[in-house]
Amino acid sequence: MNTDATQMADERIKSESFATRLMRRPELGAIGGVILVTIFFLITADRTMFTLSGIMNFLTPAAQLGILGIAAAMLMIGGEFDLSIGSMVAFTGLIFGVLAVNMELPLILAIPLTMACAAAMGALNGYIVIRTGLPSFIVTLAFLFILRGATLVGLKLFSGGSTQLRGVRSAVEGDFLTPIFSGDAFGGLFRWLAELGVVEKFGSGMPKVPGIPVEILWFIGFALLATYILLKTPSGNWIFASGGDSNAAENSGVPVKRVKISLFMLTACAAALVAVITVIDAGSTDARRGFMKEFEAIITAVIGGCLLTGGYGSAIGAFFGAIIFGMVTIGLTYTNFDQDWFQVFLGGMLLLAVIFNNVIRKRVTGER
Amino acid sequence: MSDPIIHMENIKKHFGNVIALNGVTFDVRAGECHCLLGDNGAGKSTFIKTMSGVHKPTEGTISFEGRELSFDSPRDAMEAGIATVFQDLAMIPLMSVTRNFFMGREPTKGWGPFKRFDTEKANATTMEEMRKMGINLRAPDQAVGTLSGGERQTVAIARAVHFGAKVLILDEPTSALGVRQTSNVLATIDRVRNQGIGVVFISHNVRHALAVGDRFTVLNRGQTLGTAKKGEIDASELQDMMAGGQEMAQLEGSLGGTV
Amino acid sequence: QDIVVVAHGQANDPFWSVVKNGVAKAGEDTGANVEFRSPETFDMVQMSQLIDAAVNQEPDGLVVSIPDADALGPSIQRAVEAGIPVISMNSGSDVAHELGAHLHVGQSEYDAGKAAGQELAEMGGTKAICVNQEVGNVSLDQRCEGFAEGFGNPVDVVPTQNDPTEVQSKVRAALESDPDVDTVLGLGASLVGEPAVAAAEALGRDDLLIASFDLSAGFLEAIADGKAAFAIDQQQFLQGYLPVTFLALNAQYGLMPGGDVPSGPNLITQDKAAQVIELSAQGIR
Amino acid sequence: MNTDATQMADERIKSESFATRLMRRPELGAIGGVILVTIFFLITADRTMFTLSGIMNFLTPAAQLGILGIAAAMLMIGGEFDLSIGSMVAFTGLIFGVLAVNMELPLILAIPLTMACAAAMGALNGYIVIRTGLPSFIVTLAFLFILRGATLVGLKLFSGGSTQLRGVRSAVEGDFLTPIFSGDAFGGLFRWLAELGVVEKFGSGMPKVPGIPVEILWFIGFALLATYILLKTPSGNWIFASGGDSNAAENSGVPVKRVKISLFMLTACAAALVAVITVIDAGSTDARRGFMKEFEAIITAVIGGCLLTGGYGSAIGAFFGAIIFGMVTIGLTYTNFDQDWFQVFLGGMLLLAVIFNNVIRKRVTGER
Amino acid sequence: MSDPIIHMENIKKHFGNVIALNGVTFDVRAGECHCLLGDNGAGKSTFIKTMSGVHKPTEGTISFEGRELSFDSPRDAMEAGIATVFQDLAMIPLMSVTRNFFMGREPTKGWGPFKRFDTEKANATTMEEMRKMGINLRAPDQAVGTLSGGERQTVAIARAVHFGAKVLILDEPTSALGVRQTSNVLATIDRVRNQGIGVVFISHNVRHALAVGDRFTVLNRGQTLGTAKKGEIDASELQDMMAGGQEMAQLEGSLGGTV
């Protein structure tokens, strides 16, 4: 009998290796998937995939998807879905395009206005979900259609009949905010490195990689911020609580409604950010932007370990989930497989990556 | 005696076509422990849920410190100084003990945008409060879902006691507790009462009620059966009232007074 | 007069929005009451149901595209049997008459692909990729098939999704992993053509031959600047405009042309590109 | 005090009107939506929409979707998702096409083989979900890609390079099973009615409605069967229990794994049934068949009152959900709204229909 | 005395790095009520879960009626004749009382493909069994989620008793029950024991345990502290053992023996 039980030491606890403690964190599980996928492509893909420029190449779509995926993960942890993300990208792209091109506003006004508009739509989504008690799946599904349709109508209106609104690049050229939302960062550094020969060059002497695409920086920044919020702030605690059991959370004094509405707003703003980045990058926006992105965002979150039932998951997991997804979609082009098999591979790799995650985690943490 | 902190007047609560409460009047004063007793399904939990802002009463008025008001959410009630241990505990199984403990009222450090959840302090507080109740946690970041029934209940009680400002409501807090933990909880009730906090204590155990209660109100089928002061009533009378006046099972004799 | 157009492409598809504009213009010009309808995805089953729905309303004319004669045939025959004049457009030139359509306005996707292939081979292409943003959409698949036939040299199909960033990355990946590729054919100008140009720029490949089906202002600018070779225009505005006009005239005066109208293919090269840009931005080309 | 409590009568229960008791059933709530949508189209749509032929016209897609939706609803009640339904339609369509056209098997063999193949795929889905403990969302998502890709590869293989497999109609013509899976039932009756003038005719004398499309009969039959299973059999109880709380169900002796795997098999078979019907009807199959149908099926189930978290819903609800969805998608073509606005209307109508359901139910049953 | 129905030998159970059971030996004989007692977190629930097929033991052997076997699922255990009331009750809140009652063992009528759930019979049985326990349900199709805590617990007990064939395991069955319902449950335990069923009864209430128990085994921190026969041990000794030998709170004196 242990009469010493008031002490912290507990004879009923086995010592745990560092690896076990590490793998116990849901976010780190997803790393297993990244490693597996990397190994697969190291073997099968053309070696250009893992040159600096190749890496930038698959990280760019991963970053855009990841920004959405992290927001979706936070919302899922909070117990809700947003199926209107993809349409929101198209819709806010239109808003931004109209503000920048048709209204000729500078970015310092156009971007906050776009964000405000997105936040308002997100709040509306959230308000309807909270007010009616309908599942967010069906409410945001309605907005998936509504926003997609509104984008088409709006585009035709503002472009004079076409489904594409152009001229964004020239409209924002020279704006002091443009480099923050488009193009490549650290250009000088890369040019210098190229001169030193550290970075590959084209024949013309220009570095093959002109810099780090800004969306990658946004992606990393957002992942860090989201992780900080989720793990280190009271709001993070509220998000987990709201998603874990909204009744219990409400009863314990968590302002569940406010939390959920804020999360819907956040998701919408993430969509707006992606819209701004892609619209400036592409110089145009069209009615099909963001098509199916809502599902990819949810996939990303789920690969990263989020539970569909809410209350569990991580932003870092979604970060790696986006990288896995980006790597698999782009990577197959680098291989010699017949491209007809693309979807079979995509599905197979996804399944393998998540199963691998799971096996590794169970093995290491000793769960049954 | 002092004025009541909360006074609930003629509370009715209907769920669709179910009448759960049919006119209950109840109050709790500072520094007293008011026991709410009654048969299963009498409406005790429903009643304290209206008191702590979870349900809105279908009819009836709530006065808090003399002013009539209605709580829009449990958060309102909490901010007014009411802490509750719900029968279903209101815990999130997937979250750690510490996170559950401080859910909705997280301690922070830093300032402005760098204000963050003070994990060390929260962990230390949690372990300490749990130890006071007689539970030694293995680790504060263990998920509540993996705790035993009694450990889980203790977390809920420790939380409510820690934050209880003016009124502490306990809905069958000792149901899953071991003997040591139970005696700790009863001692705690005694302690906070002496600090001037009003306690509402729901129990099916006559002995526990008599040990700490100052007044006893019995509910039956959604209505008040009456209120008695300590000393005015003895265990077997109380027990009969709690059973709703119906007969005990045949074993009664052989188990004599053991329930 | 009521004239209904049922097409297999969506109203938000840049190509089909031009068709729809043509339909609307024809409606304006002839005074007919026109409606444009399409399934939400390339869905032959739903499309046949839309045709049935149109037939139920007994319009004075029906315009359909026929990407799958087996699936749509019965519905079209039902329309014909119900006495509704039918004109097919865009796809289905081979089966239109068999099914009882009066005539066909459009180009054969296969032939257009073939023409593009021949042109690119002539311009010196030796190895090509055909970037398909909607694999399984039969008309797009036919473009690639025709292209492979006309090009004569090796052609890889690169399937992508509907996202310009992804298309750009994939094109880049394809070019990087196989430096021998010197020709890129896109099946949609804004969705594939423009990102392909951007990918080539990012890689510093100015030797690439880039061509695309359909038009978009951005891609036309690239042609004008010499960054892209040409665009294949099938003047789909006509595919919307002409059948409606014919049917309106038919309803009014019983007039009907005697043969099919080929609306394309029509290669837009550097010299012509500049003139077309403005029209493209308005959704006419 | 009530000393009479051993009796059934209870003074704590208010009497309840018939309407209240009716509306309490989740399935009947969806009727509210059907009525609302009907009223909307009665006002806005061409009057041909509600002629016999118009009704058949929107019921046909509703029926095809509904067969999938009811299966999805049962699976959702059982606590799982199947995102591979749509791809399964394409894949089993290919299998069926190959068996009927390339192998020239009679339907009596081709259809059971197709079903068996679908059931095997469904069982595989279920087995992976059960075995790995991964969310079914991600596992079936992988199969969404895999099956879609396999369909493309298979089509190219068996059709000699095209993405379309044709000639099914001629292959099955004359088979004694064909009328059960395609065309219209009660044709004779309708021709007779047309001659009597009860049913409308085209100018040519052909009846406008040649009969009741068989899929509608399948749809109704399946809805009845599913309702019977869910409400009247032990298996139904097991399905609700597995979805409500699989742990508690397992602990109470419900064979949760068997239930879930069977449900996956059922869903796959429903997809195969739709595939057979549409392939015979269309006479061909292509690589995009069933595209996005998985989401439409889930939407249908959710409109019909299923909870995404499982354990709650009804087959009849999904039945009406499919009718709402079919009516809205086809119905808009009978109105004069511009096609550009289509999606805005679709989303708006969906939202209105579910909110209306909800309001009605709350009003009638007196929930808060 | 008769041979044990179940004999559990040296059971160990680890959850990851947590050692919940560290070698527990226990048996139950036909016609006896064997009480399993112990502090919160001692491992009682974990132990009976290995007995009823929910957990697989990390180490140790289970013999059922003399043969060594291992239950692969709760269904296996159930089919062998073991019925359990789990501490968390294992009920589906969204389902009706009747459906919960018969979950996994539905009565049917008709035959072949027309075999269907016999709702009337099930409803009648449920109402009847609940009434025996002292709860009058409003309607058998009320969702379990809307029942009060005690009503819900009663459903779980009534279900286990109804289906209990050879062994009945009750994990703190009376924790949420009113006095009348508690005495009914104790009477029920007495009754089924007399019918030759072996009962495993977990409780924190010394009086309840002494009232119906024939043998008492105390667990502490995952290990057996010893087994005593009825009459060999008195209430306060047992209470001390259950508290894990640790001291009670200071209130102890004033609450003297009330816990």
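Each chain carries a letter (A, B, C, D and E) given by its place in the written order, and its residues are counted from 1.
Criterion: contacts are C-beta pairs under 8 Å (C-beta built on N, C-alpha and C of every residue); 3 or more make two chains touch, one makes a residue touch a chain.
Model, not experiment: these values are computed from the prediction.
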Path length in steps (a step moves to a chain that is touched) from chain A to chain E: 1
Shared interface partners, meaning chains that touch chain B and chain C: A, D
Chain at maximum distance from chain D, centres defined as averaged CA atoms: B
Comparison of A-B and A-C by number of C-beta pairs in contact, larger one: A-C
Inter-centroid spacing, chain E versus chain D (mean Cα positions, whole Å): 43
Interchain centroid distance [CA atoms averaged], chain C/chain D, Å: 33
Length of the line joining the C-alpha centres of chain B and chain D, rounded to whole Å: 48
Multi-chain contact sites of chain B, meaning residues that touch two or more partners: 18, 88, 138, 244, 246
Multi-partner residues of chain C (at least 2 other chains): 11, 135
Chain D residues counted as touching two or more neighbouring chains: 5, 12-13, 152, 340, 342-343
Pairwise chain contacts, counting only pairs that touch as defined: A-B, A-C, A-D, A-E, B-D, B-E, C-D, D-E
Residue numbers on chain D that touch chain C, as the complex places them: 46, 48-49, 51, 53-54, 57-58, 60-61, 64, 152, 161-164, 166-169, 202-204, 206, 208, 278, 281-284, 286-289, 291-292, 329-330, 333-334, 336, 339-340, 342-343
For the chain D and chain A complex, residues of the former touching the latter: 81, 128, 132-135, 137-139, 141-150, 152-153, 156, 298-299, 302-303, 307-309, 340-348, 350-351, 354-355, 358-359
Chain A-facing residues of chain B, complex: 52, 54, 73-75, 78-79, 84, 86, 88-95, 99-100, 102-106, 108, 115-117, 119, 127, 131, 136, 138
In the complex with chain D, residue positions of chain C that touch it: 11, 20, 35-38, 40-46, 48-50, 52-54, 56-58, 68, 70-71, 73-74, 81-83, 134-138, 141, 145
Chain B-facing residues of chain E, complex: 15, 18, 38-42, 44-45, 87-88, 134-135, 138, 146-151, 154, 172, 175-184, 186-187, 190, 204-208, 210-211, 239, 242-244, 246, 248-252, 254-255, 258-259
